[in-house]
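In the two complexes below, chain A is the common chain; its partner is chain B in one and chain C in the other.
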Partner chain A sequence: MNLPNLTLADFLPLFPAIIMVAGASVLLLSEVFLSATSSRAYQAVLTVVTAVAAGFAALTAMFEPAHEVFLGFGVLDPFSSFLTFVVCVGLALAALSSVSFLRKRGAERGEFYALMLFAAAGMSLLAMSNELITLFVNLEVLSIATYALTSYLRRGTRPSEAGFKYFILGAFSSAVLLYGSALLYGATGSTKLTDMVGPLSGALAAQPLLVYAGLILVGAGFAFKVAAVPFHMWTPDVYEGAPTPVTALMSAGVKAAAFAALVRVFLTLGKGIDPHLPLVLFSVLAFLTMVAGNLLAIPQRNVKRMLAYSSIAHAGYLLVGVAALFVTGPGEQFRLLGPSELTGGTPVDLARAQALRGILFYLLAYTFSAVGAFAMVSALERREDEEKGTAWDLERFSGLAQRRPGYAVAMAAFMLSLGGIPPTIGFMSKLLIFQSAVDSGLVGLAIVGVLSSAAGVYYYLRVVVYMFMRPVPEGAQTLERSWSTELTLVLSTAAVVVLGILPGPITAWLQQASRIFGL
Partner chain B sequence: MNIELILFGAFALLTLLSAGLVIFARSPINSAMALVSTFFFLAGLYVLLWAHTVAVLQVLVYAGAIMVLFLFVIMLLNLGESPTRGRPTLARVAGGVATLGFLVVLGLALSKLPVMAPPAMSGAEAATFGTMASLGQTIFTQWLFPFEAVSLLLLVAMVGAVVVAKSRI
Partner chain C sequence: MSFFDTHLLNLVVFLPLVFAALVLVLPASEPGQIRTVTLIGMLVDLVAGVWAYTRFEPGGAEFQLEYRVHWFKEFGLSYHLGVDGLAISLLLLTVFLGPLVVLASTTYISHRIKEFHLALLVLQTTMLGALVSLDVLLFYIFFEAMLIPMYLMVGVWGAEDRQMAAVKFFLYTLVGSLLMLVALIAVYFISAPAGARSFDYASMYNGLLEANRQLSACRAGPEGACDSLTGLAGTLHTYGPWMFAAFALAFAIKVPMWPVHTWLPDAHVQAPVAGSMILAGVMLKMGTFGFWRYAIPFFPVAAQMARPFLATLSVIGIVYGALMCLAQRDIKKLIAYSSVSHLGYCMLGMLAVTAEGATGSAYQMLNHGVSTGALFLLFGFLYERRHSRLMADFGGIAKVMPVFTAFFIVITFSSVAVPGTNGFIGEFLVLLGTFKSDLGAAAGNPHLTTVFGAFATLGVILGAAYMLWMVQKVFFGSLTHRENQHLRDIGLRETLTVLPFIALVGVMGLMPQPFLDRLAPSTDRFIARARVGIPGAPQAEQVRVEVMSLPSNPTAAAPQGSAPLAARDVPSPRQ
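Moving on to the complex of A and B:
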């Protein structure tokens, strides 16, 4: 019997996931010893500590040289480690913001945090998967955990509807992804991405339909997970019906992990095919997603739903960065900000590294801004208004600046960041994405992106206008304070503003993280 | 005519017969029992294909565990005999025509497939092919990572199912 030679280096990329699964197991097992009235304050703290430890493990692994692990089923590269770090940031902030949310509803349970940790572990594993079956299994780990979290609180009709819709459509999209993977396996005879590249060009010549169908089905499966138009129908209902901290985790973590898998699959397989196919595919998706996401968000008066459409629009901007990855020759004449500071490699490699950097920074920026905004939404909503549908109405933000100036300033920072207005992290990240698009020659897509984000400023600023320029409505309830929500807001606001003015500290990380395995 | 062919014919015929019974039986219990026998005969076909492990799993998982679940649900729902067939409506006729058309297309596609001889195996390969030992060896060496990921998936699904099934949180 020939045993594979597994060493400690094989387990290095798994450490963040192992830490999170261990934390989840502690939460699940300790729940056994608690009565219904025991204090459960330690659970969120334990979750945050676990997330921080996992994020630290991911950062340590980021400076290891990229290599295959587990016989090519996974990879350790700075790209996946950085994405794991982003997921851990989102998890920590979402867990902090769920403390008072759950306490107000009397629903504090270890299972909630355990499922959050399981979902994050699945995201981390998805980012490092380099084989289609592994990728599918890890995608299901994160999906099933989020399905259960979506229907965690089933009071009223909305959460049940959200959970059911998410489950059915999610299962359908997973099946589409699996079908595409099966077709690609049939065409190439392997499920390891690295081994598929070689036979792919031959298969493309022999059976072009099979390969195209496989790639398009895999792309459609991912497009569902990142909520790209026209696969976005589930997003508003699910985001609205899910518990707000879960929505925060979904918008930040699930999106980051799905983008990681999408980039890895198409970048690796793209070496074996004409790059125009993914370029056209992602350009069309990006165009539709940016325009439709922003236009649909404009009429929303429900802030939670507005943020759901905004998350669709942000997936569109990210897809611009993905499309920029597949450009064959960068348009040198359009250098927006002078020559890139990256050195070494051909112009195509440089443009690619820049686009990857843009995607990664954008994911980090969106995590801080969106999780912060959802934390704010959960601080203002009240359970009693959910059935009436007014829990998330714009009116609730009226006069917030007079009642809680700190909250209003934090929310204003998140809104400006999501809208892409300086001096916030959202502006820097949009700049990087559109810069890489222009440098890659996708000028038209960049112009559409800038115009549609200008349209988006309207609905972000409307929230700010309500907070600062409207009077406090009659009979407004006093807002309860909670240390955990305020800590979330302080941390997110600090990150949004400080990294928006001085992105210096993480540029070194981003430089490193744009190294993806096999490029 | 060798014994393999006779066994194949017997199993195939019995599979088709019991599968037909699943559809045509009036009482849901009879349908479910016919499904159990379909699974058993399918397992026989798997053995003829040298897939012993799949055959054992078929009996253990499908005929054993899953069918018990089916029967439980049928008994809990307390279903009676299905009502009489009724008049053919447009939807039924259209469904029947579509199914027949699909079968014709499927048959044409299958008849166009080249008939291939089974790949030749060396003696050592033939001895281990499809056995539990070789399957286990593949899973626990080469496919270790996805296999462990599946165990995480099952744990998550179990916790998730318990959380969703709780009447009130």
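Moving on to the complex of A and C:
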């Protein structure tokens, strides 16, 4: 057997993931030496420190030129580094908000944070994967960790239901993805994305059905992971049943990583095929996801479930950006749902870079807003109510502005940001996405997106109504304060508002991060 | 310009926010301190605003007191402030209302006082920001952001159905403005080639100007001549009407024009007195201001095509609003519907595209802020005493509250445009402008101008009818309700709050010249810009928008030419 000759230099690009795996190992090992009653406060701190270190490492790597790592199984490019950074931000905030959540349930264990770190390592590596098997393995690393996290609180019925559902459907979607990869391998004779491009056009001519089936299956597998309609069925139940900080990590990190892989696979393979296929595929998905996500969220009175549907809707906006990546040019544009003359002749590569920037900024913005909102949900929920199903009812938010004005303001900022109202980061990110859609001639999709986000504002505002305009309910329990939750809220709110007004260094990072290897 | 001049608008816009930060650190248990600090903040802002008003030279450049720095460079955004004649006048109105709104709320608002004053100060900043923004996206941000404090104000401190009214208000306004955002992005893309794109008002307007002229010229020609247009003019020919529609819808909802006015009666009736005053006084003007500054100048040809339609809607609004007023039993709803009617005049005067009409429209914007703001204020005093909005619960109030009655009647006169009050000048000019306009010709029959004018005049008569009818029912006759026998007449604080309004009614009615002087350059330019879309109309020279350029490298406004995606840092060995 030919063993590859790996040197230290091959491992260096994986530094952020290695940090996270090391942190997870420390957490697991140290747990062995603790008695049931020992203090476990250090675990969250260690997780946050690990996440910050990994995020910092990713940021430094972002300004290195793109290159292949690990014999071409992965690539290190600014795109993947920025996504690792986003994942680390989500991880740090989710870990911070877990402290009081776990303490209230007496479920503080090192495994919890270790699993979070493993999942995040998987996400980081998924963003770097340049080969279909590696991609699959990393997807499984992150998925299995999140399956376990979902049913972490194993005493209740909901977590087990959620975990089981997530596992079955997740395994199914992985199988679909794997089957699609196998078909593509059969067509091209390679699993490395960059090697597949060449033979792809030949294979397309010889066996068009095989290639299309492979691409559509791979696309469907990713659509499951990013929760695009009609592959979204698992999302509300799983998001509701999982421990809230895990839901936060899922909505931010898993989504970001899955989008990264999706963009990389289809952008690379898109060079070898007719770009109309991914354009139609993602436009239709985006349309369905935006409309259905927002409409289904409207009747929800359960805030956690509402946020689950809202995360579906946000996947839809992101898919608009993805669709904009595949517009081929002002001259021979595919006129889906809209005219092309409005574009004023933006060069394709420039339009594409803008779309990519929009997607990346959106992922960052969504991470701050959604993780903050979930942290707020977890601050208000009580374990006793979970079985009754009232833990996340809108009523929980009644009169919050009188009881905890700071919390109410923070939640209002998250809701407005998710709804895309200025001056929040959510507005800026929606602006970038829709701008790139208009630029690429997808005016129809942009209008649908804008209208469905107006519908979305209705349910986000309802939370604000309850917080500010309803009286405090009789016999409301006093809210426990916890430094970690409050720190999460402060950090997320600051990011949501400040970056919404002064995008500052982020714009320079985005400029850099829209460089994808091999394009 | 001195350092102070360049930063004056920043000062005016952000002073309320600074005071909001001060209020934030005050303890919530000290309502007196909170009110005082807010009032001082509004007064200081008033001083700064009046200073800005006096620094504005009527004969000078179009946009004055400019300030511009980079902001989100890659995206063509700059932080750009500046005022023209209309903006500085509306700015004056806004800072004028600020302290009065605080005074009007001292007893009206009794719970969550700190939050209320915070909302008030933030609202002030967003409204002023929207008025002085010269970057269209900056305007949009302020335009949207002002919904949030207003929404809270209606929803938290409003009357019984406040939540429904607040959500309706928010969603209504939002739907329109989101569509405008898409159109705005489209304008951003078509108005400049890649690399030079900018959201700046000047670059957007000037970028569209030449194409608008071409389009206008070919529309004067034979049927179908425009179909062969290429480039930007062709794009404007095909999509201009849609983009104009998106802008117009957003602003029409804000104005509000019939039939998208239905949020207004609800919001006004439910809002606390401060909310109603600001809503009527300033926020509705954002709609007319938007038409004036953005919708019509950007798409003069589409606007020209839509003029008869929009003018019809305005006239319907005038008459419908007046008729609705006659049917009301709720006083606050009556004042709200009178706003629909009065704003109809603003729109009609603007759409007439005559010097008289536009001047009247701009003047009417100020008048409406003064008179309707004062009506809501006065009604608020009555409501505090009696907690009823129904006319039937009053009657003969003049006997117990003579001073109040006198004030109310003066404001009523202003509202129904009695000569000698400010309302007269505005409405007279609008009617004159309408009769002199070519609205009928634009609609296909020159005689229709008279019809527009006649219906608008009918609105004036109806306006007098419903206001005087209301005054008669509330203030005169015998005291029919025992509860009303011991109503207190208005006190010192309340008188002090009303007096500035009374003074302004007189000053603006008898000495309109200083105000008109500042509006004049703005109206001239508005007409010149609107006429770009009228084939064969005399074209003026000063149509282009001239603004200061960015401090250094002005070309850095948009995404750089070289695409990062295309950049190959280190080529793959396999490529």
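Everything that follows uses one rule, which is that the second predicted complex is superposed on the first by the 492 of 519 C-alpha atoms of A that agree within 3 Å, B and C clash if a C-alpha of one lies under 4 Å from a C-alpha of the other, contacts with A are read in each partner's own complex, and residues count from 1 in each chain.
Note that contacts are C-beta pairs under 8 Å (C-beta built on N, C-alpha and C of every residue); 3 or more make two chains touch, one makes a residue touch a chain.
This structure is a prediction, so every number in the text was calculated from the model and none was measured.
Within the superposed three-chain model, A:Tyr152 lies in touch with chain B and out of touch with chain C [touch as defined at top]. When the two structures are aligned on the shared chain, A:Leu356 is found in touch with chain C, with no touch to chain B. Counting the residues of chain A touched by each of chain B and chain C gives the higher count for C. Touch criterion not met for A:Ala242: it reaches neither chain B nor chain C.
Judged by the touch definition given at the top, the superposed model places A:Ser453 against chain C, while chain B stays out of reach. Judged by the touch definition given at the top, the superposed model places A:Thr507 against chain C, while chain B stays out of reach. In the superposition on chain A, no contact is made by A:Ala315 with either chain B or chain C. Once the two complexes are laid over each other on the shared chain, residue contacts for A:Ala370 go to neither chain B nor chain C. In the superposition on the C-alpha atoms of chain A, no part of chain A is touched by chain B in one complex and by chain C in the other. The touching residues of chain B, counted against chain A in their complex, run 137, 141-146, 149-150, 152-153, 155-157, 159-164, 169.
Here chain A touches chain C in the complex through residues 65-68, 72, 194-195, 339, 341-347, 349-350, 352-354, 356, 401-402, 405, 416, 421-423, 427, 431-432, 434-435, 438-439, 443, 446-447, 450-451, 453-454, 457-458, 461-462, 464-465, 468-469, 502-503, 507, 510-512, 514-519, going by the rule given at the top.
Looking at the complex, you find that chain A touches chain B at residues 1-4, 6, 21, 28, 69-71, 73-74, 107, 109, 111-112, 114-115, 118, 121-122, 125, 131, 133-134, 137-138, 140-141, 144-145, 147-148, 151-154, 163.
On chain C, the positions that touch chain A within their shared complex are 71-75, 112, 115, 137, 140-141, 144-145, 147-148, 151-152, 155-156, 162-163, 166-167, 170-171, 174-175, 178-179, 181-182, 185-186, 188-190, 192-194, 232, 234-235, 238-239, 559, 561, 563-567, 569-570, 572-575.
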